[in-house]
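These are the structures in question, set out in turn.
Across the two complexes that follow, chain A remains constant while its partner is chain B and subsequently chain C.
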Partner chain A sequence: MQRKNLILPELLVNVLFFALAAAILVQVFALAYSEGLKNRVKTEAMLRVQNVVEEVKADPCSAETVLLAAGFQTGHGRIFCSYDAEWNAAANGRYEISLELRQTPAETGHLFEIAVACTDLELEETMASLSTSVYQRGAG
Partner chain B sequence: MKQRNHPINGALSLLLITAFAILSLLLVLIGVRAYRAVTAISEENQRLRISFSYLANKVRSAPDGVLLETREGIPVLALAEQVNGNTYETLVYFSNGELREQFAKAGQDFAAENGEAITELEACSFSMEEERLCVSVVDSGGTPHTMTLTLPSVEQEVR
Partner chain C sequence: MMKQQFRIGVGTVSLLNIVVVFLFAIVAVLALVSARADGRLTEKTMETTAAYYQAEGAVQKKLAEIDASLQRGEDPSAQIEGVTKTTDRYLLLESMGNGNSLLVEFIEEGLTYRIVRYYVKAAENWQPQDEPALWDGQ
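Entry: the complex of A and B
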């Protein structure tokens, strides 16, 4: 008889335990989904950063002109462009791709140091960054 | 002394079990949906990364440059190389929803279906702008992604 009375509390404990497990599981699913979306953004960010690096490496001397024509802006010693969440160029957007180009004169040419980064302005987090250098003979 | 089992206890237990079963089923369904969404996103990411890194590595490691040609109406990236005095070509192209690669002796007949599938894509196109190769890929969601590669020497040719 004592055993029969225990059925309801036992059930309640079981349900509570499974409810807790379900809550944790839903949270994990949501986290995995948001991480997947974040990864997609990171892939796109890295692709865009790579494209800017390739553009600068092709001709570092005229890179600024080419990028400005492509919608980039200059300010605070860097060239930058901001994008909205759908990666369309927009003022005060969510993501920003910035380029820092340093030119060091050498004996027979110039050394160009290129640093490109993509930042999530909302999270204040660097999504992707690349830096490289190119030596150009007789460039100036 | 005998305690009477109240009928409401049984009903409540049954109700609890039913609610538990329904909620468990709901949770499983939500889980399946979330899992499918997560794997779809990661698969899409992987496809995009594989296709771009494969193309970038192939193009950068091409010893004799890259040609953008049209063979049998299909835009093809032709990467030539010398093997034992013979010229061989690695042809990279998009056909039937797949990015494909074909390695053959230069001058051999081209058949798109003979190529080895690298990855599935919604769409993929190549274009040359001055000394840059632009690769545009469309993912299953219809979003276009573009990669630019700077080439040391490129030529455009239509066969």
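Entry: the complex of A and C
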């Protein structure tokens, strides 16, 4: 008889304990998910920045034409393209990849200085950036 | 014939609850640890990629100087920092930080150069950050 009376309070305590544990664990899962999402976005940003750098390095003289054909725009001395959260090209998107290309004459050719950055426009934070140079003998 | 009645004893639910919460906690902690490790790996990859392109930019600037030097009929190894001459070729070494270097091997061809090798040279004294304690089989 005494044992029967204990079952209900035990169940109540268990439900409370489970609710408390679930509340904490759901937050831990949410944190893990948001960290994973942040990593995926960073990796994607880096790959896209690297892709633009390689495209420019392949032929810096016609890089602007190639990028404009791929959906980039020009303005304020740079070439840029914005993307939505799913990385589809979109006007006024969340992410922006911008390229600054400077050509300086060298003694026997030209040196192209390339700087590409990916910015999160919502957080106003640079997610990935790369800068390099390409030397082209006798290029104009 | 008496039928046996099924009853849950006191404490069974508590025991089951503790086991379930414990398992959930393990999964949650593993997910978080895995996400953090991925984050560290992403940061490291980004740093290495940025260092590579930085070093490549410096190499390209030096190649412009080397080209000009060869055009003038001068020896680039005597003028440009990081350039050394071996018996048949020149070596251009640019540090990428973290012990790795970008190494360019080129040969003189008339009044210009031709690149024969272009690669990342890993540090010779590389050590893993954390040596895992592996079972030695005994």
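Convention: the second predicted complex is superposed on the first by the 112 of 140 C-alpha atoms of A that agree within 3 Å, B and C clash if a C-alpha of one lies under 4 Å from a C-alpha of the other, contacts with A are read in each partner's own complex, and residues count from 1 in each chain.
Here is the rule we use: a contact is a pair of C-beta atoms (placed from the backbone, for glycine too) under 8 Å apart; a residue touches a chain by one contact, two chains touch by 3 or more.
Please read these numbers as outputs of a predicted model, since none were measured by experiment.
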Output check: A:Gln50 vs chain B and chain C. Expected answer is one of first, second, both, neither. What do you get? both
Does chain B (first) or chain C (second) touch A:Leu11, or do both, or does neither? both
Which of chain B and chain C A:Glu125 touches, first, second, both or neither: neither
With the two complexes superposed on chain A, say which partner A:Ala58 touches: chain B (first), chain C (second), both, or neither. first
In the three-chain superposition, say which chain, chain B or chain C, touches more residues of chain A. C
Intersection of the chain A residues that touch chain B with those that touch chain C: 7, 11, 14, 18, 22, 25, 29, 32-33, 36, 39, 43, 50
Listed in rising order, the residues of chain B that touch chain A in the complex are 2-3, 5, 9, 12-13, 16-17, 19-20, 23-24, 27, 30-31, 34-35, 37-38, 41-42, 44-45, 48-49, 52, 130-132, 145-150
Taking the complex as given, what residues does chain A use to touch chain C? 3, 6-7, 10-11, 13-14, 17-18, 21-22, 25, 28-29, 31-33, 35-36, 38-39, 42-43, 46, 50, 53, 106-109, 111, 113-114, 128-135, 137
List the residues on chain A that touch chain B in their complex, please. 1, 4-5, 7-8, 11-12, 14-15, 18-19, 22, 25-26, 29-30, 32-33, 36-37, 39-40, 43-44, 47, 50-51, 54-55, 57-58
Would you pull the chain C residues touching chain A in the complex into a rising list? 8-11, 13-14, 17, 20-21, 24-25, 28-29, 31-32, 34-36, 38-39, 42, 45-46, 49-50, 53-54, 56-58, 60-61, 63-64, 67-68, 71, 112
